[in-house]
C-alpha cells in the first residue's frame, strides 16, 4: 500500500472525512491555547511592553506564509512529475490560505512597527521579501482563476510556482543587497531563533505555531475536498450535457 | 442600459474578466517605486502623493483597452450599434462599469499604499478625496480614447499614447490636492478645479466618444 | 424596405453602383456574387454600419437586425445569458422561441466559449429571434452549419416570413428557402466612376 | 481578567482583532464554498442517477 | 528563424504595428512624473535614475501582450506550432524581435529623458549601460509571461501582474547601477549581478516559455 | 498515415472513441458529422495540436499541413509577404504554384487585411502549397468560397493527390472531389466511458 493511492480523489475524500474532525479539534485546541496563554498568561517584555503579545500572531503567521508556498512548490512538482490531481488541487487550495497568512504577518508587523520603529512600514529586506511573496500569491491565484481548462491551469500554475520560487529567492538576495536590514529579528531580546527567548514567551509561541500549522493543514484538507467536489460536479455535468 | 451595465459587471467578475487586476497593477507599480528610487523614507514621503496618483492613473489606463476592444473583436459592438440604445448612453454606462470595477477599488486601496510610501498622516484623507473625485474623469476620458482607437488592431499602446496627454489636467489638479493636503496646506482651489473638471468631462465626453465611435466603425 | 440607386465603397474604392431593389414583408432576397463582389459591403450599408456613397435606403432604420460573420457572443457568458442580454437590449423578454427554434435548450447553461463552430453559429442566429426586428440582414448565415441545423434555420426563416418579416441574405450555397435572387456582380462599379468616393477628389 | 496592556493597548488589541477577523473570514469563505460545492455535487449526482 | 525575425520586425514597423509606442509611453510616463511629484529640480534629480528605469520597465511590459496574443488570434501561432521550427528557438527569436523594437529604442532614448529629469552628468553613461544590459532580461522574462497567459482572453493585465514581480531583481540591480553611477559611487557589484542575471535568464527562460506555451495551447 | 483506435477529448470530456482509418498517398478522406460531433477536435489531434486520450497516430509527424477555421494571415502584410513567410518557415522558395493555383496574382500586393472573406480563405488555402507537406488536414476549407473558388480548390486538390499527396477534410458541404467519407458520428464516445480523460479520476 503506497501513499500514492490517496492521490485518487475519491479515496482522498474518504480519508479526509475520517481525519478532519480530529484535525480541526487539534487545530482549535492548539491555536486557542497558544493565543489565550500568550495573551492572558504572559508578562510584558521589559523593553517592548505589552506589544510583545503580537508575536503569538506575527511569527506563526509568517512561518506558515512561507511554509504554505513551500508546500505549493512540492505539490506542483508532484503534479508535474506524477500528475496526481489531488496534488494540483491541494496547491490550489493552499494558495488563498497562504495569502491570508501573509496578510496577517504583514498587518501585525505593521501594527507592531508603529510603536517599535515609529513607522507602520519600512523597506526592510525581510518585510520587503514578504511583500513580494504576497505578490506571488496574488499572481498565482489570479492565474488559476483565469485559465478555463482545469488541467491546463494546473500545469501553468505549477510552472509559475517553480519559476516564481526561483525569482522569489533571487529577489530576497537582491533586496538584501539593496537595503541593509531594519527588522530587529534576532537582535531583539525575544528573538526565537537561537532559543534566547525567555521560556515564558517561548512555550505559548510554540503552541501558537503548532496551532497555526494544524489550522493550515485542516483548511487545506477541507479546501482540497471542496475543489475535488467542484471538479467532480463539472465532470458529471459535462458528461450529462454530452449525453443530451 | 441596465442590462448593459449588469453584463459588463458580470463579465468583469467572471474568471479572466479582469476585475482586481487594475488594483494589483496599482499595488505593484507603487511597490516598484522604492526598488527603483531607493528605500529612504524621506525621499519616499516627498514623492508619495504624486506616485500614488500616477500609479492610479496608469492602472486605470491599462484596463481601458478591454473597454471596447473585446466587444469589437467578437462583433457585439457592431450589433450594439444597430440596437435601439442611444450610443451616448451605452458608452456612459460602459464608463460607469469601468469605474466601478477599476476606479473604485483603486480609491479604496490607495490609503494602504500611502502607508507603505510613508505618506504624511493628513495626506490620507486628501488622497482619498482627490482620487474619488478624479478617477471618474479618468474612466470617462478613457472611454473616449478607447472609442478613438477601437478599429485599430491591438491599439492598446496607441490608446495609452492618446489618452495620457488628456489625463494631464486631471493628474495635475489631483496630485496637487493630495500634495497640498499631505503638506498641511490649503487644498481647496485645486479641489474645486478637479471637481469642475470631472463634472464637465462626465457631462460632455460621452457625446464625443459616441461621435468618434460612429466615425471609427464606418 | 426600398433601396434605390445605391452605390457603396469599401476601403475608399467604389465596389457596387446603381443597386436597386425592394423587399416587401414576407419576402426573402438572396444576394449572390463571387468573392469580393461587395455583398458584405452592401449588407453593412443597409444595416447602417457604413454610409452609402450615393442612393437611398428607405424603411430600414430601426427595423433591421444584422448578423455578420462574427456572432457577437461573449465566451464567458452562458448561452442563456448571451441571449437574455440581447433580449433586454431590444426590450424583449421571451427567450423560448430562440432556444427552441435552434434546439439550444440542451446547451443553455454551457459557456458560449465552449461551443463548437456550428453551435456558436446557431446561437448567433438565435439572437435574431430576440430582437423583435422585422428585417433580417444576414451575411452567410449557414457557414459551419450541418444539414440538420440548416433545416432548422430554414424553418425558422419560413416562420419569420410567414409572420410578415423579411430577410436579406448573402450566401454562396443553397439555403433551401424559396427566395428571389439578386446577383450583385451585375452592379459592379466601374473602377473610375465618380460616385463621390472619399478619394474621388484625387482622381 | 483582562490583562493590563498599558499604553500599547490599542496596538495589541487591533493586531488581535484584525488577525482573528482575517482568519474568521477565511474560515467562513472556506466553509461556505465547501457547503455550496457539496450541495451542487449532491444535486448533480442525483440528476445523473435519474438520467441513468 | 530568420524569416520569423524579419516578419516580426516588419510587422512592428508597419502602420499600427506598435513600433515606437513603447518609446512614446516611456516618454510620457517620464514626463508625467514632474506633473505628479512637483517640479523641484533637486527632488527630480534624486529620483531620476529610478524613474527612468521604472519607466523603461513599464514601457517594456506594456508592449508584451502583442508578443504572442496577435499570433494566437489570427491562428498563426497554431500554424507555427505545426511548422518545422523548434519552439524554444522561435520564442527566443520573438524575444529578440521584441527587444529590438522596444528595448533598444528605450536604451537609446533614456539619456535624453535623463536630461529632462536633471540626471547628474556621470549618471548618463551608467544609465545607458545598465539599461542596455538589463532590457534583454526584461524581454525574455516577458516572453515567458506572454506564453503563460497566451490562451487567456485579454490577458494583458494578468500578464502585468505575473511579470512585474519577476522583474523585481532586474529592476533592483539595474536601478542600483544607475543610482550609484549618478551619485559617483562604485557600481561594479550590481553591474556584475545584473549581467549575470541577464545571462542566466536569456539562457534558461526560452525553455520555460516553450514548455508553458505547449501546455497552454494543448 | 494510419490512425488506430483513437480517442479524443475536448474540454476534458471524451467526444470520439475508437476511430481508425488509413490514408494512403493519393487518397482523400472527408469527415462528416453533425455540429459538435468532434471533427475539429480530431483534426487538431492529428495535426499534433492536442494529445489524444488513447490510440495511435502513425506517419503524421512532420508531414502534416494544417488549415484551421482561422487562416493565420497577418492583416498588415501583403498577400505575397504572407505566403513567402510561410514558405521560408517550411524551407520552400517557390510561390508561383500557390499564387497561380488560387488566382491570387491580381491580389498579390494587396494587404491581406483588405481582402473579402472569400479572398482571405483562398490565401489561407494557398498557404498549403508552400508548405511542401504531403498530408493536408483541412477544417471546413470551402467556407465563404464562391463556386469558382471551390472549383479552383478542387483542381488544386486533385493536383496534390495526383502528385502523391493525401488530404483529410472536415466539411458539411459537397467539395466536388471524389473521396472516401468517414462519418464521425458513428464513433461518438459514450459519455461515461473511461478513456483516460483528464477528469476521469473524478467520476
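As written, the chain order gives the labels A, B, C, D, E and F, with residue 1 at the start of each chain.
Basically, a contact is a pair of C-beta atoms (placed from the backbone, for glycine too) under 8 Å apart; a residue touches a chain by one contact, two chains touch by 3 or more.
Note that the structure is predicted; figures quoted are calculated from it, not measured.
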item	value
Least hop count linking subunit A to subunit E through chains in contact	1
Far-end chain from subunit B, centres as C-alpha averages	F
Pair of chains whose C-beta contact count is the highest in the structure	B-E
Chain whose Cα centroid lies at the greatest distance from that of subunit E	C
Approximate Å spacing (C-alpha centroids) for the pair subunit A, subunit C	55
Centroid spacing, where centroids are CA-atom means, of subunit A and subunit B in whole angstrom	34
Whole-Å separation of chain centres (CA-atom averages), subunit D against subunit F	52
Contacts with two or more other chains, residues of subunit B listed in rising order	15-16, 21, 24, 28, 35, 38, 73, 153
Contacts with 2+ other chains: residues of subunit A	135, 138-139, 142, 146-148, 178, 232, 236, 239-240, 243
Where subunit C touches two or more other chains at once, by residue number	69, 75-76, 114
Complex contacts: residues of subunit C adjacent to subunit B	47-51, 62, 64-66, 68-77, 81, 84-86, 88-91, 127, 131
Subunit A contact footprint on subunit F (complex, rising order)	11-13, 15, 191-192, 198-203
Of all residues in subunit A, those that touch subunit B in their complex	110, 119-123, 128, 131, 135, 138-139, 142, 145-148, 178-179
Residues of subunit B touching subunit A in the complex	15-16, 20-21, 24, 27-28, 31, 34-35, 38-39, 41, 44, 115-116, 118
Residues of subunit D defined as touching subunit A within the complex	1, 3-9, 11-12, 14-16, 18-19, 22-23, 25-27, 29-31, 33-34, 37-38, 40-41, 44-45, 47-48, 51
